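One structure coming up, written as structure tokens, with questions to follow.
Chain nomenclature is as follows: A, B, C and D, assigned in order of appearance, with residue numbering initiated at 1 for each chain independently.
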């Protein structure tokens, strides 16, 4: 096993030319590249994006480019393993930081990739998704699923920054990524579903056959205040060493809130080092509050509020909160995609 | 259509005797009975059970029969359409009122039918379900699904009364009803899942492949305080005439909290008459708080807290709260069973 | 456990009268009846209906009652455990034998219960189901699901007899049984789906989003010739003692062909005694061909072609084919219903 | 809409350098590339691989490289839109042509991508999948799903050629592709499931709770003889212009036979031009028998037996069989993947 296979160079030049001319290629010289032994060999590399570095560059973008010439004024977090300008943080996960200044709007569009935002800084912005107006408070998760019309506005007084997470790289890979545009939406004048239909676990609006069916995405906003409270309740009861983690799901089905991307809220207890298993999914961690340290494949990242770091597939990870207060993070990952493919794997740490 | 079919009497006596001797029977004389035209002809009849009448009879049962000789000291609400002693309120729904006195226990058992309780009066009782200890506060819904070990205890100082709802008649009909007994369980010493794992809509504990799978019934208690708050939020936004109703569901799947019985919490706004559609499901309504009036098939029921009333399949219904405060009811019904059979029907009121 | 509970007679007469007056009943005197220990106590009793006995009685019905006065000229196989005239063979399963004479028709109707037929004798009859005309050959299984319009006709020259199996008792129990009538249907003029769309395992018509969705019941006829061939192939490879059984399923979903009733084709190899496990489902066995002997709860039934016998829930069973040829039976059962309820149980034979 | 956005060049060099230094990139200059208006802009380009060209090159590979130095002696059909050596025919679909000479074996391995083979030429080869030995006859489809051990052998006398289709590019993209190796398997000595358990539509082996659960892939071989017969039956009844197509599905669930790749058998009637809708899925067509012409995005491909051609996403297509006999093709596509992602789209041809 693992013995040497024939190489491209061993083949006669004329034969190689004949193959190329006919859009053919020998598999065996590439076999170990595309099917390595025992584990994938990711190109992606872990990275830490410190908010104190990123923030001034994003504000500078606001000065350099009017929103009309940007549509979405976003700095993309690019995977250092792929080199300059890569529109992705890992294979499947795109993460950008978006700036919206008071009074600005981002025009309505919809696209095949799905997106979610996590609000990082500033009050007063909102997203309208298929006519539902979602306020955006620090830490809130707001969905704009594939195919849903969405635009943004800002009626506050300070710049607002949020994180965008998309499965854009997957749709680009599938040759399925495209967008359509439309005028700003007139929002319906009532609170979003998280404030009306979906408050408490285990309760959903009763359906009538003569009414519209439940939306595929009935809950578009997940208020952070509720997530933090739920994590604290769970954390108070968890055994030492037990992960304190909640997945964001569709309250009508229990499925991941988006088809391909998963969002997991994490509480790290001070004085306890978390050592999660190796996972076939890649991840991007965003810090909501607290400070701490993570190691990713041996690289040490000291993080604080609004920092973001990535971990490729099968990364060796540790997390530890500093000080005396718990730290709160949201993990963005592609486990739902992998589970839909019947492919998701966890391995005990070596 | 609907023309006269041959009767049993038209057949020769010798022929009828030969059929009976061979365990045979002609269909046609019975055809209109078992397959009536256009709508079922239910035997069940609506009824109101007033708590002020029932309560003293239940307390008297406590004096007449020690709990050891009753196991469960329960008065069953019997369908008047079926005559004395019927162990059911409608075809599928059994409802009983159970009394537990301070210090008493109800021994552990499990059975094929599924049960849920709604707490009516008194503090200090608890149910242990497969080792999970659930406190029982007024209005709480507590599940003891088919196959789950459960026992009850009471560490308070006053008698406790709760309502039991079961699909017992269905299992008796299926010739599938039986029970097993066991000693009292030693409860695990932590709050039940509604206080730890399942608080907020759209958030569930993150799973690890190396951990135990999620229980088929991950949430066994639905605290009334949360249900009432959610109904009030929904009611504040509902359009006039819109039903303000929440279904109790499994937070991991969105399915009905029990396989055959459904539980729907209702808020009735004062000054508004609700006129739900005719439904193929039968129902039992239990009043948590408030007063009002319902008509069922033309019969008028004036109800108040802790009262209970029934409605057979395809009943014509109206509901109206009195006074200035909303009324809260829980509707117990067999719609989940009918939906599993691909049979559930709503009709516009004639 | 299992100790004596209080009886009804131990309660004061005045108290019992007060309960009855208020549609209440004590649970505990009935507790062991509705929740027996360890296993259900079925009322149903096994029975054998010999075709040679039944056939002349059915033909006599044809003479006594014109089809216009019968709509469906059927002799119902009645459970001897329930006494004369019971419209059921077990709790859930209704089985009747229907006679259609040349040139007769059975008018179109539809009803909430689901039905299937197994053709017993005679050629030339057909069933039209929602416009699809299904021929009826010996041993064929033809579905008329709940809600589907169906009528029968007969263009042959000899009387035709078929077996009807319905979940009628369940719908009567649910107070959900009713029918509607209509004129005879004009059948679409092409072979039924078993001859066109659904021939081979693992192949289904490719769908287009712009076309009608797949019917809930895409395959209405299961030709016996294919079932027998498939059983013979499976049987040739089965280990000694292994059950050679095929379930009839929806080829688009793999689910049982009807929501509540299951149909299982069985091959019994000569010289081998089958001893299936105890099952919580009840069953009716119909012999397509071959002769043999079964014991049901100790009672011995010697059967031949077109005979039918029943087995209540948790029956102890053996089956054995006579002679040198395999015997073929179809088992009608309510396992799909029980699986939908999360309740189906098999026990090793004691 | 579609107005000009700011370009990278408009940004100050120092700013661009600061972004690059911090693994950041502006979105807006790339916005139209990753989210084009109205439709994707595929890189993939259609191509025809003629078997008469490919076959001698594949046989030459057999002379140039012993199977031991190739493991799998395969020529990959490379997308001309991606340039020399691309290990894919479209984004998601890998197709290779594999040669196995008499007496050769391909060692056992398993990998995360899923594969299927279509036998093109030669008799006597077989694939062993998780111990099940599948013969390989011309046109047969044989599955080796992700995670399943498989090896190949050849006991015939002439070289065998088959087509391999894999979702390898998807797994490479996901950074999830890897393989493990093992010794050759000892096959179980009985016919594969297509010859025993799964013959006829709508019939599946009856399950017992005490037995092993059904495999995720219960049917590993789909014999071409059955597929062709089923297509002919369907085709005899189809309306003019109606597509005569069968999808290969799991007979226990009706789901696509592999999680991401779909296989659709097509019959083209002579004298009839098929004009399928535009689809968001990409496709590779392989000709089993017959001759004809297809146009893909205006490019004309005249094809015959064993030829293969590709069509990127949203291709404009026509197909037409020559002569008087129907042509049979198998279409390999990624529609199941797209449906799992909630993303699959068909558009009426412009």
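Going forward, a contact is a pair of C-beta atoms (placed from the backbone, for glycine too) under 8 Å apart; a residue touches a chain by one contact, two chains touch by 3 or more.
Given the structure is predicted, the values throughout are model-derived calculations rather than measurements.
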Co-neighbours of chain C and chain B - touch as defined: none
Same or different residue numbers at the chain C/chain D copy interface, by half rule: same
Distance from the mean Cα position of chain C to that of chain A, given in whole angstrom: 52
Distance between the centres, which are taken as Cα means, of chain B and chain A, whole angstrom: 43
Multi-chain contact residues (two or more partners), chain A: none
Every chain pair meeting the contact rule: A-B, A-D, B-C, C-D
Contact set on chain B toward chain C in their complex: 1-2, 4-6, 10-12, 15, 18-20, 22-28, 30-31, 34-44, 47, 49, 53-54, 57, 60-61, 64-65, 69-80, 84-87, 90-92, 96, 107, 111-113, 146, 168, 170-181, 216, 259-260, 280, 282, 312-313, 334, 337-338, 340-343
Chain B to chain A touching residues, read off their complex: 190-191, 194-210, 219, 222, 226-227, 229-230, 233-234, 237, 243, 245-254, 257, 264-265, 277, 344, 346, 348
